[in-house]
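First up is the structure itself, then whatever we jot down about it.
Chain naming follows the written order as A, B, C, D and E, and within any one chain the residues start at number 1.
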């Protein structure tokens, strides 16, 4: 189906089902229960999941597939956001022109930066991209935010003001980002007994975009172009002697992944019309690297899992406070309750970084290859080691290692 | 002119910090081939060794002063450090005053231990893993270390002043008849950095240790075949790198008060320094450290910032880009180190 | 309206920096919020409830609903702060968001609350823009601002250092730094000072030596550090290191000024703050009944005195609760009406704009929540680093309480012009 | 004039004159062997032909066009393929994928952004690759990771990759080193067959005299960077100079 | 024809002469790939054993297992060298115990000169031949002592690799295809060297595709096929046995 083989099609369908049903899946706990803290099914976070998923999937095309570790990908996300917000300011709140401009601008940016950075490989490439991104950050943060020439509005972030031109806005146009009138923050709430499910227009828009670009990513992975990118990662020398010019391949991969980032930036601005400079900082670039590795570099859905993982901890764990802990452990005798709260306290709320750091370590130590690998191990373990034994016998003659999935 | 020279000094000073951190980082990153994102955290822990010693020396017993009240209106508890009561107020106060230099003695074993533990417990398993995995695990570790320090010491900077005698400014230009007042402690820092750098170079240059480690990095397996226990040497190397980072941190405290995320502030720039210097080259790292330090200082002068606004924030990166584009392997990089 | 509380409880969102350089500020804010919730729900000793001039709060929650709260981490980043606020609104049904420790964040979150239709009670934010060009109908600020600091500080500086001074400014490169610098420069220039230079420093800077060195030869005799947090600690430490405090310029003692002080920062800067002037919104050593009551309940609960951050956050929570109770509704528009809609005014100031909600007993004497821009007007403290502190908390001494009339400005003052409060937005 | 004309090529590495004034011409449709002691400069010479090294002086013409100054991929696109002395393959990819890459390179040229089709559905490429695997006797290893093959297998794969490109000139640097005798014989047969079927010219470096004498039409002996003699195989075998410098008594 | 290993025969041989290096029921894996499937053989002091077999038979795997490298993993079996339990050691300990391996891809260390490559071998005790003695045997290396090791020609690298093993005082020399890529004269020379060291009492295991050469040199031969021993006996026996030769060695 869709020009994919059976395995990829089922993967895509599963991803589609999960994203479309996310409002249910992410809200398994009834409102008001002690576990409700862990619900993630509210519009903002769901949007973030898919947007960062897009960002990471794009990044993976460059890193996982081609083997070039960019440390400056957030720059493209940032310019995408700025471009989109500028469209809001100049044209109006329809997100389509904004997102299109995000794609164009980030593509041009990626072309320029990629052209220069790809002259080097390995760590030298990484540092070049980092340097470009840090320069972009500094430009956005201070140089381009001076009152005379304010393109970015510095630390506060670029916002839409009521006195902006917004030439395409009619008197009745919505004053929030919308797609031809469909407001991105429109949410339909469904109450089912104690459960509350939220269906948000913006989320579904992002989800559909994500499915499209994941589909595109699968096509790229399975295409001759994708094969060449993997070849670049494996042995660039040999590629040259095989008559292939690696530069256009790497540059194309760079631009494509830059545009994925730009798209993510544009979507971010469309969900929440503010573009902050810190989106371009190295920490943001580092975050997408972590997402990709955490999920499994070179795998198709790994980066999305990684993005979800990090965003979940950032948004859910940072919001748990002692008060909540006391509620959880309320059933215990007082001294035990206090002891438990004392023990757990460093890991939640302001300690969410600590938890995340520990989890990073645990994941790499115990699941080399990332969450996807972990999942596969789990599946194998569930299926029992009967097959493993068989495989071991066979492995002697054929070690069939399936390529990235 | 004086202003110019002053900025040279500032650059040297900044460069010292960059060079020291980059030196340790190169040992691990350029030589062992491990991308150590926790290196900044080691620098930070070094600084907190000084904080800890200062705290320990300031451990006090409380006496109640009935004549004064605290903020709640209760009688005020007056604290007297134990050292002052043991050694007498004079000597005690001097010991406390010299807390930072004294903490070098504490930091060396502590950092070595941390380095060894880190290598044996964690990094060891990652030599053969992809760089991506190394990044993830060391970054995780950096966060954990940082958060533990924050849990203990809070997020705000903590003053670790230099000894009274080394406070204030000295006129370093006096010899050549210039008026160049410069903070004494910064001069101390520069000299200290020079000594450490020299010591590390000497160790690696005049011992076969350096050669073995280089060989081990290129091909661990073969070095093992030649009967050399390369693991142990890597461990020592790691401990050394941690100690260098830690010492750089200890001595940095009096320049800028340590806080839990000072390591991260340095980390990215240190990576830039190492790579601009050229992978696998210690002199390159040191040279790039000083070069970028001086550049940064110049770019921050009033003249530069008013001529080209924002130049101070982009200059390092701009120069890094130019260097990397004109010299494929940074200033003095070796071929084949982390080029894929 | 958005998140109308239907059950027996109401949820407030405390959005503070829990990680990053302002984490300690955030922690103190959170303590204050927890204390405020306790008092609102009738637990503890009631704190400022008894000294507050409005007696609407009964210690039975807000409008009879028990107060619950959720917390979040702003990370001192606009993006993260907005994400956190959004989750409070979308997931937890928060009816009011408060907190923050940076003007950039405050402005970003204030904009979000305006769109979402909830009330934003700003925490620490000192930029003129928060209630100036970026003001929003749903946003309210109790904290003072850069202009007020300048107006309060300048006369004290002139009195101590004379009218003939040359000032060199180092300024954090963002909205707060810019507006504070502008305010201080304007106020000091009005008294005869000259501003020889203003250098913007990146927020991420850690070593300020190369910014300090040029000061030595600039001919300036005063250094104004428009820095906060780690920036301030480091720039001040560096300035002292370079011997600026011992320097004489044209027979005048060189001086350093830190226009915005906080005790937490002062502790970071240690010895270096001694004798340095600055301004602050509130200090625990104030002896009015409200302050005493607050310090007592905070100090008893946590073992150390509250910071100005804790104070303003505590007060904001009470003010919100009080407004809701008086309005009898959680509807943001009703709350706005109750918070600033009155027509009481500050005595002794004749101005069209002197109109809003006047209250007392929350620490700074008579205070006006001004209708035109949702900014509080009250006395401002000028402080100085204490030479002989008696305890680790006793770092600042109040040298003057500048009367509110002296820091008053009109809403259309050029430093605040350009914004539009807009309409209150009750949301869906 | 042959298909490949090397004229006065010299190459210096620091103090070492690796090649000095090498002149050599390879006739179209022949198998030209280059033999010589270790370190004679044979591999260096090949490196100058494929763009890995640029000679200090001299010219290299392939089919009337100079190859100097061109990058490796351009040279390959002109029709020159090379097997390396230490196997250069795509270790992370499967054997089949390894084999497909050169097929794409010959079909699509140096670069094509064919990002939407599926490579496993490109019948023509797949067929060529599969056929080549069968020819190389490796069809059972098609799904294996190339890096985890034994050394001899890697070398066979690399030869297959070069052959699948249908090059006009095939450069082989010790293609059968480390290969089992049976496979060496297979390879010899395969090379012979291919040479017969297609218009292909082969330049081969080899220390295995069995291979050299089974294949070569012409032999150049290189020693210390200069051609010692160039002659027919029978004459080379008898040449005392060659025996002494290279073959030793066992040949 | 029954060519399955006959351990009773092995055991008999062990009684006639004490085994110096003995491998007992060794099973080795690369990850989950089961490569060496339970092999046992003995090498007696001072003898040369030829380990033969097709590409991918597991010869390299066997040598690497004996040398105790991290990969492959020996999951079962014992290896004894001169009464020392190698199977309990890691590679550097095995090296100190007297094991020397010349790996198949030579493994010259990048970044070090020829001389440094040799010096590296003399850091850990016990130290073998002096550098002078080595340069005497391999004058080419002496000439190139300051050159970076990896820029040597293939054959020179092979010499360096053997020289590096000799620079240590070893009891057993494991050679993985030492003749690969060497000019016939050099092969002769190395063969002479091997005989020379054998005369001095060195025990050697040699893996070589050039079976005839290896058998000419060796006292005994072991033939591997897909990870199992199919023959263990004297070298002469192999040369005589037509079936063995054609089935496993293609000679």
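Throughout what follows, a residue touches a chain if its C-beta (ideal position, glycine included) is under 8 Å from a C-beta of that chain, and two chains touch if they have at least 3 such contacts.
Chain by chain, the UniProt names read as follows: A, B = ABC transporter permease; D = Branched-chain amino acid ABC transporter substrate-binding protein; E = ABC transporter.
Keep in mind that what you see is a predicted model, and the values were worked out from it rather than measured.
Counting C-beta pairs in contact across D-E and across A-B gives the higher total for A-B.
Farthest chain from subunit E (ABC transporter) (centres taken as the mean of C-alpha atoms): C.
In this assembly, the chain whose C-alpha centre lies farthest from subunit D is C.
Inter-chain spacing, taken between the CA centroids of subunit B (ABC transporter permease) and subunit D, is 53 Å. Chain centres here are Cα means. That of subunit A (ABC transporter permease) falls 36 Å from that of subunit C.
For the pair subunit B (ABC transporter permease) and subunit E (ABC transporter), the distance between C-alpha centroids works out to 48 Å.
In subunit A (ABC transporter permease), the residues touching two or more other chains are 138, 141-142, 353, 397, 399. Residue positions of subunit C with contacts to 2 or more other chains are 23, 27, 200, 202. Of all residues in subunit E (ABC transporter), those touching 2 or more other chains are 30, 33, listed in ascending order.
Note for the complex: subunit A (ABC transporter permease) touches subunit D at residues 3-5, 219-220, 222-228, 230-231, 233-235, 237-246, 248-249, 252, 256, 397-401, 403.
Here subunit E (ABC transporter) touches subunit D in the complex through residues 30, 33, 53-57, 60, 104-105, 140, 147, 151-156, 158-159, 177, 180-188, 209-211, 249-251, going by the rule given at the top.
Interface of subunit C with subunit A (ABC transporter permease) (complex): residues 18-19, 23, 26-27, 30, 34, 69-73, 77-80, 82-84, 86-88, 90-92, 102-104, 107-108, 111-112, 115, 129, 134, 173-175, 178, 200, 202-203, 420, 422. Interface residues of subunit B (ABC transporter permease), counted against subunit C in their complex, comprise 2-3, 6-7, 10-11, 13-14, 17, 68, 70-72, 76, 150, 154-159, 161, 167-169, 181-183, 185-186, 255-257, 259, 261-262, 265, 296-298, 300-302, 305, 309, 312-313. Those residues of subunit B (ABC transporter permease) that touch subunit E (ABC transporter) in the complex are listed here as 208, 211-212, 214-215, 218-219, 221-230, 334, 336.
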